[in-house]
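Each of the two complexes below includes chain A, the first together with chain B, the second together with chain C.
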Partner chain A sequence: MAMAAFRREGRRLLLSPVSYNSSVAARSAILSDSELGPMGARSVSTQAVRNRMKSVKNIQKITKAMKMVAASKLRAVQVRTENSRGFWQPFTALLGDNPSVDVKKNVIVTITSDKGLCGGINSTSVRVSKALYKLTSGPEKETKYVILGEKGKVQLVRDSKNSIEMNITELQKNPLNYTQVSVLADDILKNVEYDALRIIHNKFQSVVSFLPTVSTILSPETVEKESEAGGKLGSLDSYEIEGGDTKAEVLQNLAEFQFSCVLFNAALENACSEMGARMSAMDSSSRNAGEMLDRLTLTYNRTRQASITTELIEIISGASALTG
Partner chain B sequence: MYRHASRRLIQVLGDRGRRRSFSTGLPAPPSEDAAFVEAWRKVAPNIDPPKTPLAFMKPRPPTPSSIPSKLTVNFVLPYQSEISNKEVDMVIVPATTGQMGVLPGHVATIAELKPGVLSVHEGNEVTKYFVSSGFAFIHANSVTDIVAVEAVPVDRIDPSLVQKGLADFTQKLNSATTDLEKSEAQIGVDVHSALNAALSG
Partner chain C sequence: MASTAAAVPFWRAAGMTYISYSNICASLVRGCLKEPYRSEAAAREKVHFAVSKWANGKPEKSSNGLCLSF
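And then the complex of A and B:
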């Protein structure tokens, strides 16, 4: 122990005449990771802080890259979404919008994303779906879920496992197009019995604002019933039907076509919202990482300077003890 | 003096603007369903009710008392709105019951479309599109909505490909065994013959 101390003293005396500028000393302090520096000075470990800084910097790079990717994908989908907005309007103009229709069999189609890291849009959709489930449930009524997307399934399977009728994932493996969505709509219509379909999605208002929206589609029988009852659909009887053998057949085709159109627009809007939400989530994440990096750098510098100061004090006091 | 004159001028113009009432004196149509919002608030008071399509649509004009002179046409496809709110004289739609001409003041109709030619007449110019299929809604207020899955201007159709397609599908129809194959081949034959007719007609 005493020998080690003497050796330390010796080394310090040897090197002190040489003008050892602080940056070199600092570098040696940086390069060491043990408690004992090359000059024998005790220094608090900066390795832990350094490791942390490296990982935070990497995270910042990754989130910045994800933001750029989301921004470029958003630009592509946004154009198609805005072009498809006129597609569902004729149906609402003809049949009106009856979200408060009272029917026995409700099917809630929730559109969510497959991938995560997109902010809160999936949770919002699931919350709205659950509230809608409560709204449409009652005696003699049954409500079922059809879930598009992995994230919705994960959240809804936890408490509503028995009400999930169908689950479709990997919707966005290929860019969304109408053919794919119409096949999907056909699939859904074949497998569920419904009086009213409610599609829940996030409508893309702007890059930072996404509004949860519910679009209601009624089955042909419900349309007949509502038009007889009057109200919003009352004027439907005044329309003449051209084509098809019976009014029922035309209404059936109309309902199916309406479902595929509305689903197409809803899927596109949700994809747009997903990209926008991911952009803002990744942006705030990069900003947080940047702030964290700043704080860590300050801590690191403080630690480093403190260790250099300690080293210098020890050297100087050692030197003055010998000379004075 | 000139300073006062300009101020008085601006004041007069401003007053005139203010005194004029709003041109749309009608109450705005509801942008959300009141019954739905009420029911929602009872079930989930902490969550904002979701929006409905009504909130995102511009309200349609009411039925006028006299027949208007022009027809307003909206022609939409999945990938774009081909024609939106254009005032035209006449459109001819290929309904399943045959070519149907629509003039302003046409009775309200829901028409199912078959593959054929849609022509829009505006003054002396006629624009022709070949539509795959869809629906046409003619409303009482002389607004026509045509919703189609695919539409192509007729001058972009390649006649040689049409003939080849027709020959292919006719052959498939003859060699089809199951009902599904037969109907698929029949659809192909129908579409290609309609394309043929569109090119010649």
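And then the complex of A and C:
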């Protein structure tokens, strides 16, 4: 009779891990606290593992959702980016590209994102900016930073804060449009003196590849100086200028417009790269969360089975102690 | 190329850059549109960003959220 009662008791205790009631947990004190397994070995309690599994699963859901949001935003910006590439191509056809021009006043415009969780693109941009800073610094030369985006500011403020000229944030509150970027470009042009502007951004090649690129824009005076050296700029004189503008006038207008166009394209490309990088970062984090969940499930099952086994052992040895 | 020093266009003489000149012209054109296109174009005119200028390694406290419309 006592045996049957014991067996029933055992079965009731065995069923308790299935229900998550805290009252049951209080009764079956064997399972809710960290327990001593066979030979006194400690094992993680199932409660702790269960909590961890729940939080990892939530994180996985969130990162999956973030990936989908980034994918949809990417589709929207990608079309505009590819269309905006036609803005700066005529300028390069006319004025050429002179990244290795040697001037006294350089302004490095670094484009980064405001939000995080986008992989390594902001760090690569900042690294390229710092390298460019080293390259363009020297005696009698002056290099300054204009930073677009919060993430770049945070990284550059650590060691180059005396060279920061301006910092612009909240750029992506409304979808990027040309008017906004051109007002920004105007603002930058009014506030910095420059011989050459170097815009650093991540060019969007595909969803998984982003190339850090530098676009150089020369001030009209530098263009004059470089045109003496020949090349594309030297053949500017062969163009006929209509209207009442002088060459200097035209160059001034062109330089401002070029900066505005290139900045627009650069901002769009960087936004595209940010979305793509966020997609791949969130994708890999969901995958990692899935793997973590698998490992935790194994641990949980092992712990659960171990506790069931110890209970059985206790019951059976108790029963045999009574009878034998 | 004869360069008459006084042949500066009026907007340049007034202190505007080419960018602001073209933006004003663009908003004038947008104002000439008729209804469904007008509201679509108005969405393309929104400007918002926050500038902070730095001096000696410190940002100056002027954080004006520039919200301009021409």
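Going forward, the second predicted complex is superposed on the first by the 277 of 324 C-alpha atoms of A that agree within 3 Å, B and C clash if a C-alpha of one lies under 4 Å from a C-alpha of the other, contacts with A are read in each partner's own complex, and residues count from 1 in each chain.
Note that a contact is a pair of C-beta atoms (placed from the backbone, for glycine too) under 8 Å apart; a residue touches a chain by one contact, two chains touch by 3 or more.
Nothing here was measured: the structure is a model prediction, and the numbers come from that model.
Participant: What does the overlay on chain A give for chain B and chain C, a clash or a fit?
Facilitator: Superposition check on chain A shows chain B and chain C fit without a clash.
Participant: So, does A:Asp159 touch the first partner chain B, the second partner chain C, both, or neither?
Facilitator: neither
Participant: Pick one for A:Glu140: touches chain B only (first), chain C only (second), both, or neither.
Facilitator: Neither partner.
Participant: Is A:Ile241 touching the first partner chain B, the second partner chain C, both, or neither of them?
Facilitator: both
Participant: Which of the two partners, first being chain B and second being chain C, lies in contact with A:Tyr178: first, second, both, or neither?
Facilitator: Both: A:Tyr178 reaches chain B and chain C.
Participant: Between the C-alpha centres of chain B and chain C, what angle is opened at the C-alpha centre of chain A, expressed to the nearest 10°?
Facilitator: 40
Participant: Tell me which partner A:Lys190 touches in the superposition: chain B (first), chain C (second), both or neither.
Facilitator: Only chain C; A:Lys190 stays clear of chain B.
Participant: Could you let me know whether more residues of chain A are touched by chain B or by chain C?
Facilitator: B
Participant: Applying the document's definition of touch, where does A:Asp97 land relative to chain B and chain C: first, second, both, or neither?
Facilitator: first
Participant: Does the superposition put A:Phe257 against chain B (first), chain C (second), both, or neither?
Facilitator: Both chain B and chain C are touched by A:Phe257.
Participant: In the overlaid three-chain picture, find the nearest pair of C-alpha atoms across chain B and chain C and give that distance in Å.
Facilitator: Closest C-alpha pair between chain B and chain C: 5 Å.
Participant: Using the superposition on A, tell me which residues of chain A are in contact with chain B and, in the other complex, with chain C.
Facilitator: Shared contact residues on chain A (touching chain B in one complex, chain C in the other): 177-178, 182, 241, 244, 253, 257.
Participant: Sort out for me which residues of chain C touch chain A in the complex.
Facilitator: Contact set of chain C toward chain A: 1, 3-4, 7-9, 12, 17-20, 22-23, 26-27, 43-54, 56-59, 65-66, 68, 70.
Participant: Within the complex, which stretch of chain A touches chain B?
Facilitator: Those residues of chain A that touch chain B are 80, 83-94, 96-100, 127-128, 131-132, 134-135, 177-178, 182, 200, 203, 211-216, 235, 238-244, 250, 253-254, 257, 261, 264.
Participant: For the complex, give me every residue of chain B touching chain A.
Facilitator: By the definition above, chain B touches chain A via 33, 35-36, 39-40, 43-44, 47-48, 50-54, 56-57, 60, 74, 76-81, 84, 95-97, 100, 107-114, 134-135, 137, 139-140, 143, 145-147, 149.
Participant: Note which residues of chain A are touching chain C in the complex, please.
Facilitator: Residue positions touching the partner: 161-162, 164-171, 173-175, 177-180, 182-187, 189-191, 241, 244-249, 252-253, 256-257, 260.
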